[in-house]
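What follows is a set of structures to go through.
One chain, chain A, links the two complexes that follow: it is found with chain B in the first and with chain C in the second.
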Partner chain A sequence: MEILIVQILNSIFQAASLFLLAAGLSLIYGVMRIVNLAHGNFYAFGAYVSAWTVGAAVALAASRGINLGVAGQLVLLPLGALAVAALGAIVEPTLLRPLYRRPEEYILLITFGLLMVLEDVIRLVFGGTPLTAGSIMDAMGSIPIGGLLYPAYNLVVVGVGVVAAIGLWLFVYRTRFGVILRATSQDRRMAAALGLNVGRVYIQAFAIGCFLAGLGGAVVVPAQAAVLGMGVDALVQAFVVIVIGGLGSLEGALVGALIVSAVRTAGVQFFAEIELAVLYLIAVAVLLWRPTGLFGRA
Partner chain B sequence: MPTARTGPSFLWLLAGGVPVVVVLAVLPPFIGVYQTQQLTYGLAFAIAALGFNLLLGYTGLLSFGHSAYFGAGAYAVAFIIQRLHVHSLELCILGAMLGAMLVSALFGYACVRHTRIFFGILTLALSQVLYSLALKFFWVTGGTDGLRASWNGLTLLGGLIDFKGSGAYRRFVVSYYYYVLGLFVVAVLIMWVIVHSPFGKALQAIRDNETRAGFVGIRVRRYRWIAFIISGLFTGLAGALWVPLNGLTTPEVLYWPFSGEIVFMTVLGGFRTFFGPIIGAVTFNYLKVYAVASSQYWQLVLGTVLVVLVMLLPAGIVGTLGQLANKLRPKQLQQG
Partner chain C sequence: MLEVKAIDTYRGSAHILNGVSLEVGSEEVVCLVGRNGAGKTTTIESIMGFLPVSGGDIVFNGESIARLPPHERARRGIGFSPEDCGVFPELSVDENLMIGRWLGEEIVRKRGELRRDPQDQAFAVFPEVRSLLARQGLHLSGGQRKMVAVARAMMLSPTLLLLDEAFEGLAPVVVNRFTEAVLKIKTLGVSILMAESHVAAAARIGDRLYAIDRGEIIFHGPPQAALSDERVVRALRG
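Right, the complex of A and B next:
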């Protein structure tokens, strides 16, 4: 029973990070019709920046005899997400915008080029050794669940995921900017004709999508180390999520993330060899049965 | 809309192709073992890109999962050599093409139901099924270690050529180069016939306007499926030829970034032209080899090349040369 609770918590913990990643990918696709292959590497970049920042700050504080404490470290964590958002705000107008008039293959390709570039930029800047912000995990300790100990930080991530899901929903469906975003997504030319600055909406949407990816990476590093190649791995998982949930749908990203994490957690327990294959096969089955995913609209 | 190019005739292909093949055939003694090997890699990749471009350039479908068919061919050869103890490369290739055909027929059947971005994601997801199986079923596939496929046990041309005794490696490299060159020429001829046949024209009609093609009576989905299988066969052949050269196949050739590299090659050469993918594959191989040799940050180099290419030369090498030639031609006429 306790093991079941721990496994469910684990799967929700995974789902929280995966949701952030997939929601960003989905938002960008929904508004701009871009499938961003570099999205996973934005996630990895966020993870590295956060881990590096927390590590450097803790070391600096310790050398001055200050203890940063849990709160101090947690506040530093989202810096990675902000860095990725800034990167996105540079990439969209310089690299992507010139290609909107061309066939979509070119955008896919340029994001693939970006993926390769980012992979090595991460290595160049942060080196090949894994980085973690494990000090947060240690500082927060663990809480008992029945007879088992469970890291308290994982619950924080679950909380972040829930807040992000609700916040994102309110943002898209209840704010003025959300209306602008949806209008641009539905009919770009009509939105422009009504006086919206579509170019600015695109930068903002892309930056928000990147922010979510970066946040997804940032919340993971206290629990798991940031390693090279994590972005490429994460991207295919995010693909599976948005294929199941539906391209461009936030609800879909949430449900998809929960399904994928549940399958992976169960997979590790019961069918470790074919865990990943099962995941991809589920995505294929959904794509064949409902091409637009569970929540997608054509 | 640009008008459809009918393309040069078969005679033109012979006139342009024969000198190139002759040059390629006399090259090995002048360029040494290492360069011969690189050229062999390039030719193998060229077959893969040629097959890939039947889908992208001629049918208008961007597959992001061609690593699956390359890998299927590669693993099939390694498996046949290692587990079935077969030495004849022809038998291995036959097995590999059968494997690649099965996989592409199965995957293609599912994928051709979609177009555009859904097609891309579906091909990617399916290729990753194979990747994860190759990774996890290590008792069959060797896991991340991969499968070894050693060249020195192989025989070419039904046992006529084997590699025993002194200087065997050098002999292998040179004779294998001619072997791959021969198959490359056959592959180019077959692909040329395919894209200039009524079937190829039907594919181009589907690419340009799916609805109209349907009205004309073309069975769109069936044609796409057949194109998918042919494409998978070519890519599988390339994978099969690549293995003895590389000596080893690892799950990396099934991983989706490798599919991205095949797309990269094709776009580098120009996917709107017949010869673009060939030039692109050979160029890409050299580009990658030199980037890897000169810097540990080779992905940065290749990624930057890709970004610049997409921004500035979207037509690729061959496409851009063609445009230049077209620009020059009217001027000469005016002067004359």
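Right, the complex of A and C next:
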């Protein structure tokens, strides 16, 4: 029984990070109709910046005889997400906007190029050595679940995922900016005719999407190291999530992330050799049954 | 109020408008009539800023707006109801109106018109819209969509309203309702430029009328004179 509870928690832990990543991808597509292939390395960039910041802050504090404590370190984690949001706010108007009037392939090519460039920028800035914010994990310790010990930090991530899902839903469906986002996503010409500055809405939507990707990366680094290539792996998983859930749908991102994480967690336990194959087969089945995904609209 | 001065507009490589000029005065209803493809929608979209003009100028309240983006034109007091209504399908009618109201309130504050509530103006034109507030844009009938589109444009507190084919696809009884609404809008001090295919309907409500054919203005004058003008009749019949 304890093993089942731990596996469910592990699955939700993975789903939380994957949801943040996929929700960002879906939000950007939903509003701007852009498939952002660079999203995976925005996630990785957030992970690296957060791990580096926490590591540097802990080292600096220790050299001065100060103990940052758990709260001090946790507060630093979102800095990676903020850095990615700032990067997104620069990338959208400079690299993407000039291409909106061209065929979609141009956006795919430039975001793919950005994926590659960001990988090298990460290597150049942070080096090839994996970075981690494991000091948070160590400081928070474990809690007993039956006869097993479970990392307390993982429960924090589960909480972040739940808060993010509820917060995003409220943001999109219950706020003024959410109405503006949805209106712009449905008819940007009419939104402009009603006085909305669509260019500004695009920067904000892209930055929020990038923030979510960066936050997804930031929350995993205390538990898993930031390594080169993590962005591409995450991007592939995020695409499976949105194929299952439906591109452009936040509900789809949530359900897709839960399905993918549950299958991966069960796969590690019961069918490790074909874990990824099962995942892709589910994606294929959903595509055949509902080509727009479970929550997507044609 | 609005002066369109010899504008040229292209759609891709096609030269659609060729030196089109027209004027709309204060609290005036001006109709732009022509058959399908004559250049009515292109004229309206050029004024709204969706299509760049390659020559000429568009002056609104003494200011050249020809290089301004659409949202800046809306902020200067130009409301727009497009041919397809442009109602956001996945937003409720209330949310559709809300977007117009936010800007409308801002505009009213800037003008110092503290007593003029954009929402009251919109509902004064189409009180029927109040009963549709909870409904999604997707689930409105054609006539209801047209009403919501005009009410939403009125939420902006415009001084000029651009209506593109406001009567198209409406049942005769609804056309009468829209005719009343246009006259009501005029009494609220809003000027109207209507692009219209039905010259008889345009003649009933227009103070002045322009006829357009193949991207050129071929007639300008009182509506009744248009009905007896050989060129206008021939152009409208195609």
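Going forward, the second predicted complex is superposed on the first by the 298 of 298 C-alpha atoms of A that agree within 3 Å, B and C clash if a C-alpha of one lies under 4 Å from a C-alpha of the other, contacts with A are read in each partner's own complex, and residues count from 1 in each chain.
One rule holds for everything that comes next: a residue touches a chain if its C-beta (ideal position, glycine included) is under 8 Å from a C-beta of that chain, and two chains touch if they have at least 3 such contacts.
The structure presented is a predicted model; accordingly, all values stated were derived computationally and were not measured.
Undergrad: Chain B versus chain C on the shared chain A, clash or fit?
TA: Taken together on chain A, chain C would fit alongside chain B, as the superposition shows.
Undergrad: Does chain B (first) or chain C (second) touch A:Val163, or do both, or does neither?
TA: Neither: A:Val163 stays clear of chain B and chain C.
Undergrad: State whether A:Tyr106 touches chain B only (first), chain C only (second), both chains, or neither.
TA: first
Undergrad: See if chain A has more residues touched by chain B or by chain C, and give me that chain.
TA: The partner making contact with more of chain A's residues is B.
Undergrad: State whether A:Val125 touches chain B only (first), chain C only (second), both chains, or neither.
TA: neither
Undergrad: Scan A:Ile180 for contacts with chain B and chain C and give back first, second, both or neither.
TA: second
Undergrad: Touch test for A:Leu196: chain B only (first), chain C only (second), both, or neither?
TA: Touch status of A:Leu196: second partner only.
Undergrad: Is A:Val268 in contact with chain B, with chain C, with both, or with neither (first, second, both, neither)?
TA: It touches nothing on chain B or chain C.
Undergrad: Is A:Ile8 touching anything from chain B or chain C once the two structures are fitted on A? First, second, both or neither.
TA: neither
Undergrad: Quick check on the superposed model: minimum Cα to Cα separation from chain B to chain C, whole Å please.
TA: 8
Undergrad: Both chain B and chain C contact which residues of chain A?
TA: none
Undergrad: If you look only at chain A, which of its residues touch chain C in the complex?
TA: For chain A paired with chain C, touching residues are 176, 179-180, 182-183, 186-187, 189-199.
Undergrad: Note which residues of chain C are touching chain A in the complex, please.
TA: That would be residues 48-50, 69-71, 74-75, 80, 82, 86, 88-91, 95-96, 98-100, 102-103, 152, 156 of chain C.
Undergrad: Show which residues of chain B lie in contact with chain A when the two form their complex.
TA: Those in contact with chain A are residues 56, 62, 64, 110, 113-114, 116-118, 120-122, 124-126, 128-129, 132-133, 135-137, 255-257, 260, 263-264, 267, 296-300, 302-307, 309-311, 314.
Undergrad: What residues on chain A touch chain B, complex-wise?
TA: 35, 37, 95, 98-99, 102, 104-106, 108-110, 112-121, 123-124, 232, 236, 239-240, 243, 247, 272-277, 280-281, 283-284, 287-288, 291
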